[in-house]
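What follows is chain A paired twice: with chain B in the first complex and chain C in the second.
Let's look at the complex of A and B:
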């Protein structure tokens, strides 16, 4: 090992150690538990078994996993779709106005997360004011159910995740040189083309960050589907909680958690792998 | 040749500002010429360029290209391209893709795009670097990419906003030659913005000098230098010595005697046929003076007086002197061909003859004291020590 390498290692060692101890190790433990039988008392039994994994393949699960995936994907897509124009607009505001707007965006964080979800619950409730307004406007029939379906979950997920998408995108947009849009227009691009061909690539890093910080927490959602989704719109998070607190089946819950972690990790591993390939093939052709 | 691009009475006041950034600017560009906009920082050059490019809408005035009104057209519908002050290359695209951008927007056939981009990159000598990203190349190279990118759509007019400002002196000189060559090659009208008079003089067919949003004078470089229309132009283009003076008598049809504060009466060429009694300002360029130990032999049309050398600044190709004549301190530049061979150099405190040809004193009627402040030249009265 060269001296330089060695220095690098010692510098990263504390954070590496922290990560390994509090993150990698627990994840491995959880994955291990998934291969253990349950004990009668609700704990972990002796020996190894694949029974839990076979259990997971029971017919009701693919539906929950699928729902978790599409709700998270839709949440991410909607958040990005809303956050990109907002970030663009924020970055072009005057410094003072922009500070006020940013304050408004983070203002909801001053209220407890659960309380905000309950607020949505009471808004969407069949006796809530949103429902009444819609009925009054003739947009909904009196027996429409706004609460306890996937759309309610999606709505509230987008609501909770949106600031997390706006902030990294804004950070990118703020660094973006808007003179480049003039240059694009000068070369014959329409407003929309300039936005798509120059602004979007310019905030690519912000989009990636927004994607990660929205998609991953959305996958693990628990409180939102629990409160506004009800039993028909459960996500994997609810199943895990149910297995831990109600069924007292730790191996089962662990298997589900491992599954979720894999969903997140596989694309990451894949992209790292692809980047490796790309860098080794560099010096290739222009597009 | 007829006017090709016409700006008529352009005026622009930015919201929340009391003074206009561009004030009733009118000018006409001819096909294929290099036209420079010259003026101090903040005089409205970029704003005028942005109006031409379509990025700002003027409050008043019209822009015509070949007689067609384009004032309200968005930038992408004008056949005008720009080389921006900071180049504005797209950082996520390779040089090749940067140059191809315009043609891709115009939806040209793939084969055509490939040929044209290669040709343009070849013209600016960057074909071998086509795959690099903008952050991997030098300032001069970026500038050439910006030019190639702007020229590829074959605009009717190319706007260049201080394209050389970020480059060092040597590179600037090389790029100037390069620009000249490119202009000869493509024959497109260039509108060149700069606050460097040397650049403007060497590159342009014509120059417009701007001051505080207004165009003060339009003319060929020599006209602007030799016959400035205002004190601002006289002081901004090159250096000059100003004297407050009054026309006192007529000597011949073309010459008058002037009474100058703190100097003997001087003879001056009166091309504007100013009447006796008229207040004027006399401007004499530093290089128009001669310094000598002997009085000039032939005194026809020559003004001469005694002076004392206060300061000598040796600049290599020439020498600057500060010479006290009566109450005035003159700035004088002398070329010194065969200087050491011909004579002993002047020294500090030496008494010398200062002379100049009557034709080289230029009379100005318009003089704004505030302009001299802006340019950092001392007000005329303060030259009394």
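Let's look at the complex of A and C:
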């Protein structure tokens, strides 16, 4: 081995070894355990079985999977809907004001994740002030339950994911040449047409990144539906935790996790594919 | 037939709405922390008793919170330190070498960033169960290090993009040995990036709930897990006060570090 090769390996091996052992290996382990029977003590038994997978096809799961998918999709859509105007607004501010506004947007997200969910929990609580206000305004009856339903989960998911949509969109909008919008208007486009046909394609890369960084974590949501959702608004993440901590059925939890991993993998492969196309395009331009 | 074109006000209105949306829950939380009532909702007058209970730590709950705080800091410091070393080495390797090995290495670094917390949590739990490791602070530190490495590597790698490697060669030509190159050239130039990566790792570690929830054992709870179990038991009054202290600390750290970055940028542009 050359000296250079040896240096490369000594620099690479620590992080690579760590990630192979604590990230890649466990991922395959989970996929393997999904084919193991469960032992009586709540552990993993000997031999191999397909029983867990047959179990998963039981009727209650399609509903949970469907809910996970639509809640994640709705979260992503709402985040994009809010983040695009914000990114547009931010990008047109003066440099100094923009930095402060950006800080103001990020600041709430430096508060602890769980504390933010807790804040919503107490706000939506049946004794909370939002409920009292709604009742006072005549918009809700005293029996209305704001917490523990799918809408509460959606609301808080949007709250926790929103900055992850704003940041990549802002990064794209910042590079966007706003003179193009004026040009479109001069050529007779309406304000909305210019926005839709010039600005949106201009920030496409930001939209794509925002989609990936919101949709994937949303699919794996656990804490939000656990706290503000009830038994009727569980997502796949809650089922996994339930199988681990309540039912003590590790193979079952592993099978669910494998399923979730497969669903997550689809947009990842898509985004890698898109990036590959983009880099080949860029490489083509350079040569 | 010229008319003055006005920009749409819609982005402004949406942005104001978003700001209110972002801050409203936090403001309510701060208000509740001064509320003299065990339940959120009814305002029973101003009090500081929740803060007093928390700081005096006479009750079991308050003592649990302080123990969880200690655990959180132990985990965060350890995970940050390990991931700073491993992440910086990884970034340097990615920067210096272009080989098939580094392509694989890079994919490995990026992968944890896109995997949902719960998958990382359960897979590490399965590993620890299979290795018969006792769940506790050690397992939490391992878990946190695993996701922190990627973030540190990414931040340092980003800084390395503007790093001019000829400086190292120049220092070598001028007779500097490895130690001097490291101390006089690499550290001053890369230090800020490594520290920024470390700060990110630290906040991510303190913030983490899901991965910790899966990899912690009895008695080794961190603050987020502690907050969660207090919420479940339905005694959230202390959490309000705790949250406000938490928010104050993080906000001031963020603002101070932001100031530092801005100052450094302005001195940079002057040079």
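Going forward, the second predicted complex is superposed on the first by the 241 of 287 C-alpha atoms of A that agree within 3 Å, B and C clash if a C-alpha of one lies under 4 Å from a C-alpha of the other, contacts with A are read in each partner's own complex, and residues count from 1 in each chain.
To be clear about the criterion, contacts are C-beta pairs under 8 Å (C-beta built on N, C-alpha and C of every residue); 3 or more make two chains touch, one makes a residue touch a chain.
Small disclaimer: the values here were computed from a predicted structure and weren't measured.
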Chain B versus chain C as contact partner of A:144, first or second or both or neither: neither
Touching partner for A:232 - first (chain B), second (chain C), both, neither: neither
First, second, both or neither for A:39, with chain B first and chain C second: neither
Residues of chain A touched, compared between chain B and chain C (which is higher): C
Touched partner set for A:20, first chain B, second chain C, both or neither: second
Contacts of A:187 with chain B and chain C, given as first, second, both or neither: first
Which superposed partner A:133 touches (first chain B, second chain C, both, neither): neither
Chain B/chain C common contact set on chain A: 185
Sites on chain A touched by chain C in the complex: 8-9, 11-12, 14-16, 18-20, 22-27, 29-30, 33, 43-44, 82, 85-86, 88-90, 92, 99, 101, 103-108, 110-116, 118-123, 125, 127-129, 131-132, 159, 162, 166, 185, 191, 195, 212, 216-217, 219-223, 227, 237, 240-241, 244, 250, 253-254, 257, 260-261, 264, 268
Residues on chain B engaged by chain A in the complex (per definition of touch): 53-55, 74-76, 80-82, 84, 86, 88-94, 96-97, 101-102, 105-106, 130-131, 149-150, 153
Residues of chain A touching chain B in the complex: 177, 179-180, 182-190, 193, 197-198, 201-202, 204, 286-287
Chain C to chain A touching residues, read off their complex: 5, 7-8, 10-12, 14-15, 17-19, 21-26, 28-29, 32, 39-42, 85-87, 89-90, 92-93, 96-97, 99, 101-102, 104-105, 108-109, 111-112, 114-120, 122-127, 129-130, 142-143, 145-146, 149, 153, 203, 206-210, 213-214, 223-224, 227-228, 231, 236, 239-240, 243, 246-247, 250-251, 253-255, 258, 262
